[in-house]
Amino acid sequence: MAGSTFGKVFAVTTWGESHGPAVGCVIDGCPAGLPLCEDDVQTFLDLRRPGGGGLATARKEADRVRILSGVFEGKTTGTPISMMVENTSHRSKDYSELAEIYRPGHADFTFDAKYGFRDHNGGGRASARETIGRVAAGAVALKLLAELGIDVESRVVRLAGCDVTRQAELTPETIPGFDPADSYGGVVECIAKGLPAGLGEPVFDKLDAEIAKAVMSIGAVKGVEIGEGFRAADVRGSENNDAFLPGLPVTKASNHAGGTLGGISDGADLIVRAAFKPTPSIGLPQQTVTRAGEPAEITVGGRHDTAVVKRAPVIVSSMVALVLADMLLRNMPAKLENLKKVYGE
Amino acid sequence: MAGSTFGKVFAVTTWGESHGPAVGCVIDGCPAGLPLCEDDVQTFLDLRRPGGGGLATARKEADRVRILSGVFEGKTTGTPISMMVENTSHRSKDYSELAEIYRPGHADFTFDAKYGFRDHNGGGRASARETIGRVAAGAVALKLLAELGIDVESRVVRLAGCDVTRQAELTPETIPGFDPADSYGGVVECIAKGLPAGLGEPVFDKLDAEIAKAVMSIGAVKGVEIGEGFRAADVRGSENNDAFLPGLPVTKASNHAGGTLGGISDGADLIVRAAFKPTPSIGLPQQTVTRAGEPAEITVGGRHDTAVVKRAPVIVSSMVALVLADMLLRNMPAKLENLKKVYGE
Amino acid sequence: MAGSTFGKVFAVTTWGESHGPAVGCVIDGCPAGLPLCEDDVQTFLDLRRPGGGGLATARKEADRVRILSGVFEGKTTGTPISMMVENTSHRSKDYSELAEIYRPGHADFTFDAKYGFRDHNGGGRASARETIGRVAAGAVALKLLAELGIDVESRVVRLAGCDVTRQAELTPETIPGFDPADSYGGVVECIAKGLPAGLGEPVFDKLDAEIAKAVMSIGAVKGVEIGEGFRAADVRGSENNDAFLPGLPVTKASNHAGGTLGGISDGADLIVRAAFKPTPSIGLPQQTVTRAGEPAEITVGGRHDTAVVKRAPVIVSSMVALVLADMLLRNMPAKLENLKKVYGE
Amino acid sequence: MAGSTFGKVFAVTTWGESHGPAVGCVIDGCPAGLPLCEDDVQTFLDLRRPGGGGLATARKEADRVRILSGVFEGKTTGTPISMMVENTSHRSKDYSELAEIYRPGHADFTFDAKYGFRDHNGGGRASARETIGRVAAGAVALKLLAELGIDVESRVVRLAGCDVTRQAELTPETIPGFDPADSYGGVVECIAKGLPAGLGEPVFDKLDAEIAKAVMSIGAVKGVEIGEGFRAADVRGSENNDAFLPGLPVTKASNHAGGTLGGISDGADLIVRAAFKPTPSIGLPQQTVTRAGEPAEITVGGRHDTAVVKRAPVIVSSMVALVLADMLLRNMPAKLENLKKVYGE
């Protein structure tokens, strides 16, 4: 209920606060027999790590993952996969001021409202370090998808109000009037190729609905689109419908739908876009209040991302991969024929 | 797993095909003691009914709801509330052609891909009549929310590429170059007022993530935004952050966030927007294929919505209400203090 | 949360009160392509119907089931199967006395304690009619199991303190000192044959743990055993262990374990026993209290079962079948090899 | 689905193999504000540790627990509580023989049947060390229950076929014809005092049904009883019914029911009994087979429990506490009145 588990069959539970001893996750429901080692996971964790370069923070944490269970002689065993990353810099700063003040745009106030108090160090549970568990689990999901020929890739397509075509453009220079004390939003696009038709459940657990939840659950995301998304609202049915092409397997002449029909994958590329707001941590003075309701001014200094979207693609890919892995497993009992394939006749 | 249940505590299961004997839903987890009668539900069902008027179909179904369980002497008992609406016109048309042909933009092909065959009459489970269960359950959720002073309202804010300010504008005349044989998309905005701060779970089950899933699970929805949504991606943090105002309870000077911070409600209005694609059923000829992959042309005639968005607000409100009711109940055990309030000390 | 849904993949939600308009269930997650008609279900409902004969009540309800969704041209479609039985005798008796008095051994008091009030007519939700939903859903599960060569059978093995070897002995004559105004308990044994090895999940969702929950959830059950059950506590490991026999597939020389090892089916018969208490409704005067705590005497007259265990085998079989169907579907993604069988390589 | 999570609101996920780096658990859904430190948990872990004394193994692991998240300044924060115990002796023995041979009564064969292979070191996931996660989580649940005045205690009431009245009798001397190379079963009784009336959900998630699952999920358990259990099957209703006593709150003259009526707690003591089979690891030669089906003889040497039941009470208490904590939280939204207590009116 408390919502730290994602997925119903391929189920991931994440845990950990920014400045506690460690962060991590447990995957329950990964099929047995998948080749897996720590390097498979580390590769993706390295992609999410703050890298500096003018738009992302330079926090230099090693973020070495350890696999504590569920893997034996290089293959998953079918039992829970527990992974952990120690927080090496967890005593490096004094956050005591934040115990009594609410940063605008952050979850400080809402955590207090919900729980009565909060771990205020570095954002506690509402820290970007929370995404480590997502990415570690996503790496396992991506490995599973690859076994079935499915590939998931994400990239930044918009930054600070400008379209981005090459990821090399993700520099301060491409932002008009760039202010290093402010922050900038952007849009990430994720494309999954090689999906079989048939994934997704009718009605509530549509593939696109699960994707929407997964992506919107990422910290700074404020909007999610599938295929044409909001543009579909402005066109006619005769323009938006994708014609089917002759021949088997069934294919389409276009992909305005973004790979789902009636919430079920149609075999075309799954296309997802996520809008990231600018990170609320900025180096400019802001008006706010204390817990007691007294007026206050705050300037959030220290290491922060100027454009968090730069580090976001691996997180979006991870969340999309978690959905796809789960929906692949959930779809297995969809027809009696599949049971007979698994159990023999 | 098959995804016909929505919600974890206030849990709704819907069932039914367009041309079967009936459609309906079961709510498990509605608190005992809520005043409820069939008229409470009927009011909302009447809002979703096709109404004609040039943009919506004129299918004249009575859609009378019956409450079959869970209510005793005018109040909910805490046990499952089963509601049913009979399909009165379920033998009115010959759909046999659709057994062998795939309508573009519809779920005909993907249901076949998933299940091996499908009920092709009137869309089967993937029919707009599936929303009856959502609206019936949503009516109960809205009643529960009203008991706590929470109000949910939706309206069309964009139609066929034009902004809409008054719902009276939802006519063919406001669509430039209107073609009754084609179809048009639009955007619905939903605002919930009176929410307590603290709803929503950190990490995966954020309030906005659950909203995104709920709204994206509605048939024609292709995009979801919270607050500024995609516009937030284009602005700076200094513009997008909402300053907190002095005084208690805590309030904000603006509401770009749309009522959530860190995925938890902040007490401001919850603002949600959903993009509806134009309905894929159009009266123009389209290229498609048969189940065997043979080329075919189809013209989907008969009663259909030219602008399905006109009937959508009650459905969006229902889905948002289902999320809010569920999150209100899920939040109850968030702190030990709440347990002591319920169980005494 | 409110617990009216059983199963995670083959998921059954039941609803309905004894004296409301109807009772029923919705199955979500039944694989598509299973042949199913109303007669398949009716056969099992007829077995649970009160039959008289000196030990069971003579309530003569037709209990005709209607399938309202999820079946098309004689086969399941993969979408929710809604089934309903109308309560034909639901206005036949005056239960107003029970609104203010608590029957010993019944749930009258505990429903009031939980919900603040209750539907007191004929037990409301805590009526034996609640088992109609279980048996209707169980009939579908049994049909699914039969497709895979699995058979589930139950019978009474103990009645009123005496062992029972033939079901024909279930008469008042075999109960020493039989008093028609009193009631008698018994034990039902259920055996499932033909299970593949490998069903059940390690740790919490062991096959025997799910069976224990399923069976203990039946109204009057107070004890559950697997294999030797409580007798296993009294013997030595050298007596209780089942030796494996040479040859493949692996078999055992004995079956003290009752078909599970480590909570996972071992391919031997699954053996379950359930202890049913005597029904609390008896025709003798009993001491009790009113809602206000005032002393009262009650004699529960009318139609009641002298030995409810006589009607219990079909209910036990239904619950065991629901578990087995669910565990079969849940086990499908256990290994990568199974995914490749379903999705091709 | 893979079943490593227990509980719906107070939800515990356990992970870890006997001879991997560590074992542990994550609790999601523990209310914020509960005082908690590592010593609270360590106290219970020490009770489950092998203690020698002639009936339990002398494996001397330190089993020091670390709390990695979810606690801040001595109180739970409402976010996931991750706990871990390192496996200090995890390279101490050569288990390679067990890779190819199936121990009778163990899960070796069934894990292979389910997953295609297994971690054979020390039982892998099907080891008694798996209970560390249960006990660590149970310690937190017990702490939560204590805040509401609820106490849970367990003891051995039967050993090797003899009743046990004092725990000091749990020695080899009290077992007639004791053979240190064999193993012995027993029965544990658990009593929970101070429960409010109203816990448990009607129909499937009855309090006793959830207890049955929880207790049957413990490794060696083969039977579960509530109250009179199997004895209730042998008596008359007039003997088994518990009369209500005058006065408020409502109490009963006896407690044959064991604290539940209709699956909902009635305020009397909750009484649960669990039958433990003798551990299958014995020092006597046994007939078995290899993975290839070849006949083999095995003598399981090394450290093992002669009477595993001696260490079982803390595990039974833990599982009962997990159920009670979960049912307490699940019951909070049962009536509208409770919502108004939590959210104000």
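Worth pointing out:
In order of appearance the chains are A, B, C and D, and numbering begins at 1 in each one.
The rule is simple: a residue touches a chain if its C-beta (ideal position, glycine included) is under 8 Å from a C-beta of that chain, and two chains touch if they have at least 3 such contacts.
Nothing here was measured: the structure is a model prediction, and the numbers come from that model.
Between the contact lists of chain A and chain D, the overlap consists of B, C. Centroid distances built from C-alpha atoms place A farthest away from chain C. Between chain B and chain C, the centres computed from C-alpha atoms are 36 Å apart. Distance between chain centres (mean CA atoms), chain A to chain C: 43 Å.
Between the Cα centres of chain C and chain D there is a gap of 25 Å.
Multi-chain contact residues of chain D, defined as those touching 2 or more other chains: 1-5, 8-9, 14, 29, 32-33, 78-79, 114-116, 125, 196, 202, 329, 333-335, 337. Remark: chain B residues 1-6, 8-9, 14, 102, 104-107, 109-111, 113-116, 125-126, 130, 158, 160-161, 179, 182-187, 196-206, 208-217, 219, 222-230, 232-238, 240-248, 250, 253, 257-258, 260-267, 275-282, 284, 286-289, 292-295, 309, 330-331, 333-335, 337 touch chain A in the complex.
Here chain C touches chain A in the complex through residues 1, 8-10, 29, 31-34, 78-79, 144, 147-148, 196, 202, 328-329, 332-343, going by the rule given at the top. Residues of chain C touching chain B in their complex: 1-5, 8-9, 11, 13-17, 20-24, 26, 28-29, 32-33, 66, 68-70, 72, 75, 77-82, 84, 114-119, 124-125, 329.
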